[in-house]
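Chains here go by letter, A, B and C, matching the order in which they are written, and residues are numbered from 1 within each.
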Amino acid sequence: MLAIEGLTVRFGGLTALEDVSLHAAEGEVLGLIGPNGSGKTTLINALTGIYPATGRVRFREVDLLGLPPERIVRLGLVRTFQNLRVFRRMTVLDNVLAAQNGMPDMRFADLVGGRRRDAERRERARGLVERVGLGGDADRLAGELPLASQRRLELARALVRDPALLLLDEPSGGMTPAETRGMTELIAALACPGRTVIVVEHKMALITGLCTRLAVLNFGRPIAIGEPAEVLRRPEVVEAYLGTESYR
Amino acid sequence: MADFLQNCLDGIATGAAYALLALGFTLIFGVLRRLNLSYGPSIMAGVFAGTALYMAFDAGLAEIAVATVIGAVVVGAYIERLCFWAIRKDMAVASMVSSFVIWMQIEEGVTLLFPDRTYAFPGILADAVVEFGPFFLRASSLAMLAIAALAVLGLLGLIYRTHFGLAVRAVSENPQAARVAGVNTGLVTLLAFACASALGGLAGFLIAAGDQQITPLFGLWATFKGLIAMMLGGMGSIPGAVLGGLLLGVVEANALWYLGVETRDLVAYMLLFAVLTFRPGGLMGQAALMARRAAESRV
Amino acid sequence: MLDDHLIGVLSNMGMISFIALSAYLVLVVGEISFGQQAFFAISAYASGIASAMWGWPFLGAVLWGAAIAGLAGLLLAIPTLRIRGLYFAIATLAFAEMVRLALEIFTYRVEVDGELVGPDGSEGFRDIRYIYEADISAGAFLLVILALLAVTLGAILWIERTRLGAVMRMVGEDPVLARLQGVNVNLTKIATVAAAGLIAGIGGALYAHLNTYVEPKIFNVMLGVHGLAYGLIGGLGTAFGPLLGVALDIGVLESTRAFSGYRMIVFGGLVAVLLIVRPRGLLDEAAVYRIRRFLLRKDAGD
């Protein structure tokens, strides 16, 4: 459902991604790992239309490259952020409610129609807020939440669009081991048939617990792809990580 | 053609004053990445300090120049503490608005102390004219041009050749990293502001001495002319400030000659608007602006 | 009955509130405009031309002026779409000065009842005589101002409760994140700046008809900066914020006369200090949120 061919991203003289080709099948959970600066987040930014890139990205028969971010999101490709991004001045519930913009069933009247027209979406948002375990915080300002809760909010906000492809950028970043376990369970519970997930992570517990396949990036190029346990044993992967990153 | 050339000479003359004003503006923007819209009023306050000395003690030119510079620096430091130092570092726009409202304070404060519309200012070289064949240029303008050129060299030397300049560039590039590296960012910023204000005071002294009079409206004039000149040249660029000043002067002089006095300022603002929308980095700052934008768009 | 002084103060507050609300809308989508006075000016002229020279009825002239101002907002919004922050602010300033200076040379006069009427460059635009001809008292005109202000405020408050209001705040807080939630940021900004122009335009049309005379130099940068400052001190969390700002400045500082001669010093200092301690104003989002929760809790308790 997602086919990346020869994707290249350059910033001035720096090549952040070079000739990356990667496929993701319908319903799979693909892990993406690599040392810091290997281009994982750049890949997500290129897929979501934030960075200009060359090459070819096909998502369900649509060429993504060149489309503006809001169009890509409307196609069903939704992401979270490594360095948390929530609307801090809005409540948790409003963050999730507001994330449902430009969805196929949205009409202009819904924009200005007030709360009654949004009642169904509000219920949906509230349900998701509860499912990610933020039911008690639904009416708090998002900026007041602790980091782990803000990550859960990002997840609810992404899921409310019912994405076909979910890109998670370090969903457990900055979390304690207990919080990481909670997040892993949450992601596993929220996976559903027909939804593809690509998850960028450093923590191997989360990767091995969730992923059906694993791709490794180093210096902007894919160096290995395959079954997680097998990939992690490959010498070039071990070498890429040794001394640069500790992993458990 | 002769008209056009004389217009250009006149334009370069006023442009020299604009360039001096733009230099201070660009120095502040270069260091803080913020805009001080009260720059003109702080210069105006300095010039009034000079006028006060002149009226009360009939002081000599050197004393008046010093008083003007000190006045501008003191008011500049007040603005820096209130509108820049005290406001959170990521709120560039709040600083700009704050400096705009402090403008009202300064203008009203000066008007309370100096209630008349205009005050006399001692002239230097006021009537001296340098002739080049059929063309002529006021000597005071030539002096301003020379001082602007010296100021550019001095600033470039200060920024790229001294330890202080290194600190300034560090703060400009990344204030947090500079602080971690042991730079006293607050002090560096204050000193850079003081440099800009001193330069502004000098510019104000020369302009007032050329006009032989001063009004509280000078603040408005100085901010807008300096701002347009800096924007044309490119925010933060030192050579750009001089180029922008001269360009603005030449465009205004020709607009005045061919289109009339009402149209002169209109043309200047149209030029500013066009530059902002089509090339917001100006003549010399486009590459730097694009690099900053790219850095800001990282997710 | 209200005395003349009070009616004058309230009328001023009402008319300036339109500029304050207009600047506020632009602030909500995350930009600073120093130039909302331009739309006030454009509509003052356009509506004056319609009523004094073309013989249009008053309400038609006001709507016409507001529509032209909204169109001007569109004209400003489109070329400035690519620039943000300081650059956008300076572009609005340049735009407003362009409008003011263009009005300094704009001359369009026709003969009405044997007299030449119309804008006459820097001489201004005299004889917008509707208020005399229809024999409307200052008190009655105040009611017209307040009614139009109430309609405008109601519309903004309604929008703020809808999804569109949420979209505007998303664009204001983090445009990149907003795009990634499916928001068309460009369209939102264009529509907001145009609507802001229209709202300032209503105020401008009222101003021209109350004063019967306008001249370009009224619409200087300081008018725009005041309009902007009202939202910043009153608060950006609700449309009541800019009105609070207007009340503080005109209602307290100007009309009590306690600060006469020092008003700008006090006002400038007040704004500067508030920008330090409460960068989003007295009624910022967090304050509005707390007030709303307090009110809801009281409802639930009853």
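Simple rule for what comes next: a residue touches a chain if its C-beta (ideal position, glycine included) is under 8 Å from a C-beta of that chain, and two chains touch if they have at least 3 such contacts.
Keep in mind that this is a model prediction, so the values were computed, not measured.
Engineer: Mean of the CA atoms for each chain, then the mean for all of them together: which chain is nearest?
Structural biologist: Given all protein C-alpha atoms shown, the central chain works out to be C.
Engineer: Taking each chain's centre as the mean of its C-alpha atoms, give the chain farthest from chain A.
Structural biologist: That would be chain B.
Engineer: Which pairing of chains gives the most C-beta pairs in contact?
Structural biologist: B-C
Engineer: Give, as an integer number of Å, the spacing between the C-alpha centres of chain C and chain A.
Structural biologist: 42
Engineer: So how far apart, in whole Å, are chain A and chain B when each is placed at the average of its C-alpha atoms?
Structural biologist: 48
Engineer: As a quick test, compute the distance in whole Å between the mean CA positions of chain B and chain C.
Structural biologist: 31
Engineer: What residues in chain A touch two or more of the other chains?
Structural biologist: 50, 85
Engineer: Any chance you could list the residues of chain C touching two or more other chains?
Structural biologist: Residue numbers touching two or more other chains: 176.
Engineer: Send over the residues of chain B in touch with two or more other chains.
Structural biologist: 297, 299
Engineer: For the complex, give me every residue of chain C touching chain A.
Structural biologist: Where chain C meets chain A, its residues are 158-159, 161-164, 166-167, 169-170, 173-174, 176-177, 179-185, 285-286, 289, 293.
Engineer: Using the touch definition from the top, list the residues of chain C that touch chain B in their complex.
Structural biologist: So the residues of chain C in touch with chain B come to 32, 34, 79-80, 82-83, 85-87, 89-91, 94-95, 97-98, 101-102, 104-105, 121-122, 176, 222, 225, 228-229, 232, 261-265, 267-269, 271-272, 275-276, 279.
Engineer: Report the residues of chain B in contact with chain C in the complex, numbered from low to high.
Structural biologist: Result: residues 34-35, 82-83, 86-88, 91-94, 96-98, 100-105, 107-109, 112, 224, 227, 231, 235, 262-263, 265-266, 269-270, 272-273, 276-277, 280, 297, 299 of chain B touch chain C.
Engineer: So in the complex, which bits of chain A are touching chain C?
Structural biologist: 48, 50, 68-70, 73-74, 78-79, 85-91, 94, 97-103, 110-115, 118, 139, 141, 157, 161
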